[in-house]
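You will see subunit A twice below: alongside subunit B first, and alongside subunit C after that.
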Partner chain A sequence: MALYLLRRVGQSLLTVFLTVSTVFVLIRLAPGDPATAYAGPLATTEELARIRAELGLDRPLPEQFLVFLRGLATGDLGTSYSFQAPALDVVLDRLPFTITLAVAAILLTTAVAVPLGVWMARRADTTRELGANIVTVAGQSMPDFWSGVMLLTFFAVLLPVLPASGFATWGGLVLPATTIAILQIALISRLVRREMAANLTAPYLTVARSRGVSERALVWRYAMGNSAIPVLTALGTRFASMVNGVVVVEVVFAWPGVGSLVVRALETRDYPLIQATVLVTAALAILVQLLIDLAYPLFDPRVRLGKKAAA
Partner chain B sequence: MTLAASGRRHARPADTAAPLLDVSELQIELITDAGVVRAVDGVSFRIERGETVTIIGESGSGKSTTAMGVLGLLPADLAVLSGAVRFGGTDVVADPAAIRAVRGRTVSLIPQDPMTALSPVHTIGRQLTEAVRLRRPELPRRAVRERAAELLDQVRIPRPAAQLATYPHQLSGGMLQRVLIAIALAGEPELLVADEPTSALDVTVQAGILDILLELQERTRIGILMITHDLGVARLVSDRIHVMRDGRFVESGEVEAIVEAPANDYTRMLLSAVPRLGPWDEGAAAGGPTSGESR
Partner chain C sequence: MSTPLPASGPAGTAPPPGGAGPRPSAVTTRLLARAGATRRRRGARVKLWVGLVCTLLVVVPVVFARLLPLPDPTEQDLSQRRLPPLTDGHLFGTDQLGRDLLSNVLHGGQMSLTIGVLAVLVSGVIGLVAGAAAGYYGGWVDSVVSRLLEAQLSLPLLMMLLLVVALFGPSIPVITCVIAVAQWPEVARLTRSLVLVEREKPYVAAARVLGLRRAEILVRHILPNVVRQATIVVFLLLAQAVLLESALSYLGAGPERPFATWGRIVSDGQDYITTSWWLVTLPGLVIVLLVVGVNLLGDGLRDRTRRQAASRRRGPSPSWRDRATRKGTVS
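Presenting the complex of A and B:
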């Protein structure tokens, strides 16, 4: 177990390093110049050259990379051009907002998608399920920039019950979390439905029913217990991608999270900030994935024993 | 086919008041993609205390559908039942909700394939103690575990208390079938429905399972409805057998009478499908075909 954990952490660190390195190279290959973005369109060539020298951008790429690595080893990811503050601090300041939004969205998704999926599985292939099917397909088909704007229009403009943007009150969480959850509910509920429908017709369920186990226990203990792994995996993957910042939704609702920070960093070609953002979100996503993998044995005894045998 | 003439056991008059199970003119229609199929077409049989009644037939004859229909385990939207299935007087075809009070108490199922009959993510202890608690909700936790271990011991599972913590994938098919019998017995039923309980098991393991069932019947006078395609199994355990084909009973009677003098061509064919080994064919030779080959 300790060996497994060590190997996984090693793999994770390597993945984060490769991701950050790739991004380091790619943003410098992409068109656009931080100096121009920094000094504005009226800057003279001399001014631009001076700024490049100041930011260290006039040196060859491998040298820049070495400087970056040296900083990385000491936890210094450079100074953000646009914020004039340590890039890592800027990202970490935004992180709680993104995590709050992701947690709210994943809780909402779970709370709706699991009962909905179970409801559909228990009525598999009936006309009532068809209605739910249409709704979930529609949910899957709505892009978040559209559903976000629609929610804004209805609940913040036409019927102003909720704040339109920012995170001044907890009410501000409702619309962005709902926007994210619409698509996720559609996807997860269909997964829950498929898994549950298979388990509800499994032989072990019929045998359990034959010994007088209540329908409630059959559905929630037996069928759900056996559907937990794929559902948990899907929810975990979704959550991991949400902590990366939900760019579109954060921009639509002016949410002060990592997603909207990425947009600003890219617009201003703020290399240190982009690198810091990628580092933090990649590390976070991999951490979440690792936690999910470690949680598997709690839900499936077969995984537990396999691991014991391997280690 | 009077009961008293039964070869292995004798029913006492006191038991004949109301049979454990009384099935009359049971008809089951299944709704399939190809249309409505009459899988069971007017079968009638009774099972008394301490008695084993076997339905024998080949795949698709409707024998398992009969068993599942009796237990109310066919999906309600895909199966239409008519006729009567009475457990000690309660007709569960007329009142399908009544089956819930019967299942796991009056009657228990021993399933066909033990490998898929237990939830893979729950320990056998969890599933067994659940069955015990359903029957005896008043028992304290500790007593429930003791009872569970006792049931495992009854079906000759070694180190029963330790086995409670195991998961189904850690046990062999024969062991799992013993566990399933223990779970069935947790309901303290009067009748067991055994749906091909040995067909997924090795021959050597089969004998052990049948032995457990016979010994259990000897001790508790439990009734057994045995579903099988195996004449050897039928002959070993049955008091009476019903030969089933295309949803109907083509021949019914005491096991020795049918084996020695089958009246129906289909029965003869089933008999001739049994490999001729040892003392097996002594009886069958009289009326059955001479060839031991299956057709």
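Presenting the complex of A and C:
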């Protein structure tokens, strides 16, 4: 178990490191110059050269990378060009907003998608279920920027009951979380339906039913118990990808999270900020994945961590 | 194949297979399963037809945009700004620069669809090759591919895509490649699992006995058997590709020339949402219609093949056939 944990953490660190290094090289290979974005269009050649020297951008790439690595080891990811503050702090300031949004969205998703999926599984292949099925397909087909703007128009402009943007009150959380949840509910409920439908027709359920187990226990304890792992995995993966910054939704609702930060950092070619964001979000996503893997034995006693599982 | 159900409540309504409520004893699980299969077939058919209609409703006008009697999409007329739909021959109205919205949507759609189809082709090829190699050769090839698949799952995907597009410029090849890279894991994972099953079948052993090289067996014998099943995800991938492209373009990382694509049209119209609802609503509805259609097509096709596979497995005497095929796939 300890060995397994050690190996997984090692693997995770390696993935994060490779990601950050890739991004480091990628942004420097690409055309475009942060000094121009930094100094504005009116800057003279001398000014640009001075700024480049100041930011350390005139040094060769391997040297820049070494400086970056040294900073990484001490937790110093450089100063953001546009915020004039330590890049890591800028990202960490924004992170709570993104996490709040992700938690709200995943809670909403779970609360709707699991009962919906169970309902669809129990009514599998009926006309009503076909209708619900087509509705979930529609939910999965809406571009999130569009459904966001539509919700915004209805509930903030035409019928001003909820704030349109930002995060001043808890009400501001409703629209962005709903926008994200629409897609997730569609995906997760279909997964729940598939898993549950397989379990509901399994022979062990017939046996349990003939022994007089109540219908509720059959569905929620027997069948759900056996569907829990794939559903949890999917929820976890979804959550991890949300923590990465729900870029589009954050932009639509002017949410002060990591996603909208990235868009801005890319526009201004803010190298340290891009690197810090990628580092933090990748690390967080991988951490969430790891936690989910570690939680498997809680839901299925057959799972032994560290044993070669079916990959 | 519809079997009359012996006396079970009102005509045509069988109790749900989940078993809510008392079940008449004459109805066996087998009958229920068969009734379910019939309904499933109907469901797949409904999905296929609805999907086809929705898809064609968007694709046909987009493909023939140039032949339709529409105003030029780039023609600006500032005296005709933001006309509501159905005025003066502007079916979708006009935008903030007086351009015909429908014409813009259709011409932009050509770009979106081209990028979507190209991206699916590229990701399909990458996914097929990588997945087949991983499934067939196993060993280090498999671990490299599997690691890559895993890594991509945990990466901030849209962020990376934005990064690449922001850095290398929003040209069609860049966007196509970016979307293809985002999508190949889906194909690769499916192909890998199909090849894993296929390579244990007797004909592969026979081919090996005949002295064929491994690569030859993979390309000439295994792949043809796998491709058909693997291509079912094509529709689902296309739907995703269209959505991804529109998201990128919404964020300002879409192609600009010669025409702005759907996401860009929506984001431009967003500033006028309080006064001109159609600028956002109608382009968005076009995207939804297309993606719903393509998704339903993909879903229906998948249901149908799954059903065919299931009925092939059932056959005349279920228990015997079942055991035979199961042995065939496992051993």
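In this text, the second predicted complex is superposed on the first by the 304 of 311 C-alpha atoms of A that agree within 3 Å, B and C clash if a C-alpha of one lies under 4 Å from a C-alpha of the other, contacts with A are read in each partner's own complex, and residues count from 1 in each chain.
Here is the rule we go by: a residue touches a chain if its C-beta (ideal position, glycine included) is under 8 Å from a C-beta of that chain, and two chains touch if they have at least 3 such contacts.
Here the structure is a predicted model, which means the values were calculated and not measured.
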Touched partner set for A:V20, first subunit B, second subunit C, both or neither: neither
Which superposed partner A:Q140 touches (first subunit B, second subunit C, both, neither): second
Partner chain(s) touched by A:T277 [first = subunit B, second = subunit C, both, neither]: second
Touching partner for A:P301 - first (subunit B), second (subunit C), both, neither: first
First, second, both or neither for A:Y222, with subunit B first and subunit C second: first
Greater subunit A contact set [subunit C / subunit B]: C
First (subunit B), second (subunit C), both or neither touched by A:R209: both
Those residues of subunit A which subunit B touches in one complex and subunit C touches in the other: 206, 209
For the subunit B and subunit A complex, residues of the former touching the latter: 71, 73, 100, 103-105, 108-109, 111, 113, 116-123, 127, 130-131, 134-135, 167, 169-170, 180, 183-184, 186-187
Touching residues on subunit A, where the partner in the complex is subunit C: 15, 18-19, 23, 26-27, 29-32, 121-126, 130, 133-134, 137-138, 140-146, 149-150, 152-153, 157, 200-201, 206, 209, 215, 219, 237, 240-241, 244-245, 247-248, 251, 259, 262-263, 266-267, 274, 277-278, 281-282, 285-286, 289, 311
Subunit B contact footprint on subunit A (complex, rising order): 202-204, 206-213, 217, 221-222, 225-226, 228, 299-302, 305
Residues of subunit C defined as touching subunit A within the complex: 16-20, 29, 33, 36, 39-40, 43, 46-47, 50, 146, 151, 153-160, 162-164, 166-169, 239, 243, 246-247, 250-251, 263, 266-267, 270, 273-274, 277, 280-281, 284, 287-288, 291-292, 295-296, 299
